[in-house]
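Below, subunit A partners subunit B and then partners subunit C, in two separate complexes.
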Partner chain A sequence: MIGRTAAESEIVKPKWSIKSFFLSKKVVPYVFVAPFILSFLFLFLYPLVSGVVLSFQSVLPGQTTFIGLSNYERILNPTFFKALSNTTIYVVLTTSLLTIFPIILAVLLNSKFTRFADLFRAAIFIPALTSTIVAGVIFRLMFGESEDGLANTVIGFLGFDPVEWRFGAVSGMFLMVLLCSWKWLGVNILYFMAGLANVPKELYEAAEMDGAGVFHKFRHITIPLLKPITIYVVTISIIHGFRMYEESYVFWQDSSPGNIGLTIVGYIYQQGFKMNDMGFGAAIGVVLMIIIFIISIAQLVLFGTFKKGE
Partner chain B sequence: MKKSSLYIMLFSMLFVILAACGKGGGGGGSEGAEGADKTAVIGSDAEDATELKFWTFQEVHIKFYEDAVKRWNEEFPDRPIKLKAEAYPYDNMHNNLLLALQSGTGAPDIVDIEVGRFPNYLKGEPQLLPMNEYVEPVLDQFIESRFDIYSKDGNYYGMPTHVGATVAYYNKEIMDQAGVDIDSIVTWEDYVAAGKKVAESTDSKMLALESMDWWSYWPLIKQQGSDFYDENGELTLANETNTKTLESLNGLLKDGIAELAPGGEYHAEEFYGYMNDGGAASILMPMWYMSRFTDYMPDLKGKMVIRPMPKWTEDGNRSAGAGGTGTAVTNQSEHPDLAKEFLAYAKLSEEGNIALWEVLGFDPPMWTVWESEAMKKDNIYYQYFGSDIFNTLVEVKDEIDSINMNENIPVVQEQLFTNVFNNVYRSQSQTPEEALKEAAEAVKSNTGN
Partner chain C sequence: MNSKAKLLSFGTTAFIAIIAILAVFPLFSLFISSLRPSSDLMRSGITLSIPFDKLNLNNYTYIFTEGGNYWDWYINSLIISGFTIALCLFFSSMVGYALAMYDFKGNRFVFILVLLILMIPFEILMLPLYQFMIQVGLVDTYLAVILPMMVAPVAVFFFRQYASGLPKELMESARMDGCSEYGIFFRIMAPLMLPSFAAMAILQGLSSWNNFLWPLVVLRSNTMFTLPVGLATLLTPYGNNYDVLIAGSVMTVLPVIILFLFFQKFFIEGMTVGGVKG
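Moving on, here comes the complex of A and B:
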């Protein structure tokens, strides 16, 4: 009798164990999402909130005080607008270059007429593996202002005068865009090639039967079917462009002649660290966040991402 | 086809990764702390040795502390110390320190802070320890102004590393070629006249001007008693002297007597190469620039001579103090008394100041040692510049006014580096007067005074 009761009670009330806890259907989902939730809370939400709080403060050791909106009142100055216009030009240039060229190159590399396509594919991708700073140091040497610099020697052969690359507004922007494009071209080609792999061959065959030429096929089949990839590439290029900093830092460190290389993030760094004005730096950061947010939403609306049933 | 592409990809990635590893592993024993250029543990291995941590932005400075720790441990065997010295890149170190002091954790015991950034650490309540008890007794043996630039409300926080007396470095070969006797250059007019001869009769220019740094400007206005801020903290950036000086320099540029320094500054690789090849016949730089000559411009050995700066008026000064590194003890030190005593021993003693010259080639801020016998011992600087370096220094000893520092200097610096020099010298879109006035307005609106 006694033994039986014990056995029965075991069945009725199973012992609580760690194993059963983790196997419970109620708990497991939380366990699985916990790493993301925790990292989101501590590494994203907390810095975000404290960044916003900082932007209303004057931050000095032992003397941190709330100063209301005065950080924001100072933002709209010529230097900020210079940084904003630099960044915007940079974003427009890099985004268009890094969308148009990769599409064309991906189609070329995908073509059965291209020889050594694999070699090119690998070669174009390698820059993505290098650090921007390391590559930038080499670029800086290549684009030195002396006549013996690599770039000046090359344009010298073509009959041009040496250029002081790092000191002109146009050539300075050219250097930053070039470095960024050189580095990210291969990655974007990979995205587009993955997209091309999903385009059904039958569409091209059908088009050929209807007498479509190379350009028509590209225009009416390739481009529309690559749209989801294009949206993705454009979005990340824009965000990447607005938070750009290294490409400028590596050429001029923290101050460039006439602020030709100043970006918004560079301005945050300059004000926050160099001027020890963390509150003001944080306020610029908040403004930058709002700008990126608005542009991303606008762009997604334009591309029709929010429309249902497409 | 597919397979071969994969292999090419993998091999190229492997190559890059291996190359990266090869670089990382090659550093040998000098590595340690993450991101540090150089780490050195100096001093006693004894178990009772107190460990102190030291950060610097200038690797060369570690040599000086090696010497100081050795002497300390010999002199005070009952209180041995072990100094863990770490050198980081300039920006990196100053930012790390700022964050460490702001957040109250992670700062070293002793730290080197560059003069341009020092004001940042004096904002709010300084998180550095005052050294008055050690400074005050010996102050009269030092160039006093070198302590003022690292002080706030009568407290001395930074211990100076050098005087930074600005001198003229002439390339004797070029000057001879132009037929100019260097010793005949006394006033600024003489200098300009000599510059004309140099520009006419040689391939070199008389002077190279910085467009992205302030060394070819700040010492010159200081020499004439002006500055960016006056003693009372009033902004004088656009005053008459500053405007006139910028106009004179711009005039040299227009007349072809001077040109812009390649690389935009005297510390650029491009400039070292240019100067080494005889690009400019002279530059006006502080004494601490000597080590750049010996390290980066080896071909000029024996050709460079050091003379006082040309003076602007009959009774004008022939030098000015510029640049600097203040070494401070932070309030996060676990052994504040020991750290302070050691720092005073290293920087405020006679031996320490002689070591500043012997080890680093700096003009020591303790002027009483300038004429001592120990300073006359042969070293690489005498071999490079000739034996009369200190005669020049002693000659101008009473003419070395030091720069005025305050917490807005980084803002002024930003304006000069980005707008003023660029707009005046390079793009010529503004006159010196316009550029300085606009910069002064920008500084005022930025700092609120």
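Moving on, here comes the complex of A and C:
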């Protein structure tokens, strides 16, 4: 290669062929991204578009008809509002619990006063490894109806009567929120600990010199500096919450008494798959998509995340 | 001062310890309960007191000797997770790498598409995707479960982030040595990205192992179910399958927990991928 003259390399320059085409530096990146483009077209864009189209259709075996906005008009029914309100309550509760507790625990785990922090962090993280179905099996068995079940024994000590956990609206919501919080606490702690690692130690030292107390430092240094990660955690918690279904499925499968466990995705599943009303199911899906879009955009506008670029 | 610090240290440690115990307690009680007679479990669920004299391995004996379709589900879950990990890592790493390393026309556009998919929840695509699977005749096959997970936007995002930290000079010198662009990726850059592969293998493997709604929709026959879908069928009010349910649940989570104990670092990295954005 070395010492080759200009004229020689002119001759050696390969002719156009399929092989050299695929080997050229200009084409290679497209080969690399091709699988993504294909899966984007077939597994994302196509279902997305046909989902929207489907929401304007009535699908019966062998005949599909456009019915305009009828599916959307039908959405405005008490069952949907039940699903929407259940989901919204769930989102508010899980998001606030899964923000406040992880911040406090992350600060404590990060503090020089806490010993065995690595061990405890790992222990709190372990529930995240459990599938929601298995977690649901455990919680169903802990919160059984019988008097000697674990949860009823515990509240018995406190002087309460046994509760039929899965059959009340409040206790049913409690079960779903508890299951979700148990599972995700450790993950959110890790987010906040990663955020805390970026907080310069000098800030705390300077504050201590000025005689700032623990709560003062927490309020005026930790909280403001954790703002970006908090926004991130809040956003993903809200979006995960609106997509929730498994936490409800493990307690009641397809139908819960008085729809206490019905969620938006549960309603899609019930109508689209169980009742085979695909057009209606798709319309609920579009509404869910709009809700999630509004949240994402509100988040971007309120906190200007996209100004910072990637 | 010193004694005050000691007291503070004791207080915070004790508080965190209680939280940690509460976190692992449900799993601990699952293990204990799997040793109890299933009829007991059926009647009173998980109890606070442990009936030591009644503990035995009957539920495990049953699941290993009879166990219905449990082992079908296990094998299905292993196959689906295995293929999902392999395919997803292969394709997603190529995409992420290309986005990070090549300045090609449309790079920005492809990256925006990745972010777009990240923003749209899968549940919305589920109905039309199910229709699509019916049309192409894939319902009730492994492929139907695996295909939508093949190129994961999270993984693409992560690989892109990771690859952009690698030295580009290596690519240049490999080119000088006459290495093809594919060779550069597979022989030089991909090995350097190994830690990111480990983290993504765990993220994709775990989400595939625990995935529920899509397999529930697209798998129909009992012998094709994955573990979560199969176990969920046992959650009947009659409780006649509690032996398989409880021992099966333990054997679903135990391998994951054991892997976690060995590869903690990669689990934590994989499961907090989004954190890199903060």
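The criterion applied here is as follows: the second predicted complex is superposed on the first by the 278 of 310 C-alpha atoms of A that agree within 3 Å, B and C clash if a C-alpha of one lies under 4 Å from a C-alpha of the other, contacts with A are read in each partner's own complex, and residues count from 1 in each chain.
As a working rule, contacts are C-beta pairs under 8 Å (C-beta built on N, C-alpha and C of every residue); 3 or more make two chains touch, one makes a residue touch a chain.
Worth saying up front: this structure is predicted, and the values here are computed from it rather than measured.
Look at A:Asn77: by the touch rule set out above, it reaches subunit B but stays clear of subunit C.
In the overlay built on the shared chain, the residue A:Leu60 is in contact with subunit B alone; subunit C does not reach it. Legend: residue contacts after superposition of the two complexes on their common chain; A:Pro127 is shown touching subunit C, with no touch to subunit B.
Using the contact criterion defined above for the overlaid structures, shared-chain residue A:Val301 touches neither subunit B nor subunit C, since it reaches no partner. Contacts of A:Ala194 after superposition on the shared chain: subunit C is touched, whereas subunit B is not.
Residue contacts after overlaying the shared chain place A:Ser256 against subunit B, while subunit C stays out of touching range. Of the two partner chains placed around the shared chain by superposition, neither subunit B nor subunit C is touched by A:Ile223. In the superposed pair of complexes, A:Lys274 makes contact with subunit B only, with no contact to subunit C. After overlaying the two complexes on the shared chain, residue contacts for A:Leu41 are found with neither subunit B nor subunit C.
More residues of subunit A are in touch with C than with the other of subunit B and subunit C. Residues 117, 119, 122-123, 125-126, 129-130, 144, 146, 253, 273, 278 of subunit A lie at the contact with subunit B in one complex and at the contact with subunit C in the other. The part of subunit A that touches subunit C in the complex is made up of residues 1, 23, 25-26, 28-30, 32-33, 35-37, 39-40, 42-44, 46-48, 50-51, 54, 105, 108-109, 111, 113-117, 119-120, 122-144, 146, 148-150, 153-154, 182, 185-187, 190-191, 194-195, 228-229, 232, 236, 239, 242-243, 245-246, 249-250, 253, 265, 268-269, 272-273, 278, 281-282, 285-286, 288-289, 292-293, 296, 310.
The touching residues of subunit A, when paired with subunit B in their complex, are 59-63, 74, 77-79, 117-119, 121-123, 125-126, 129-130, 144-146, 166-167, 252-259, 262, 270, 273-276, 278. By the touch criterion stated above, subunit C contacts subunit A in their complex at residues 5, 8-9, 11-13, 15-17, 19-21, 23-24, 26-27, 29-30, 33, 41, 43-48, 91-92, 94-95, 97-99, 101-102, 104, 107, 110, 113-114, 117, 119-132, 147-148, 150-151, 156, 178, 180-182, 185, 206, 209-210, 212-213, 217, 227-228, 231-232, 235, 245-246, 249, 252-253, 256-257, 260, 264, 267-268, 271-272, 274-275, 277-278.
On the side of subunit B, the complex with subunit A involves touching residues 1, 4-5, 8-9, 12-13, 16, 91, 94-95, 98, 101-102, 117, 120, 123-127, 211-212, 262-264, 270, 273-274, 410-411, 413-414, 417-419, 421-423, 426-427, 442, 445-446.
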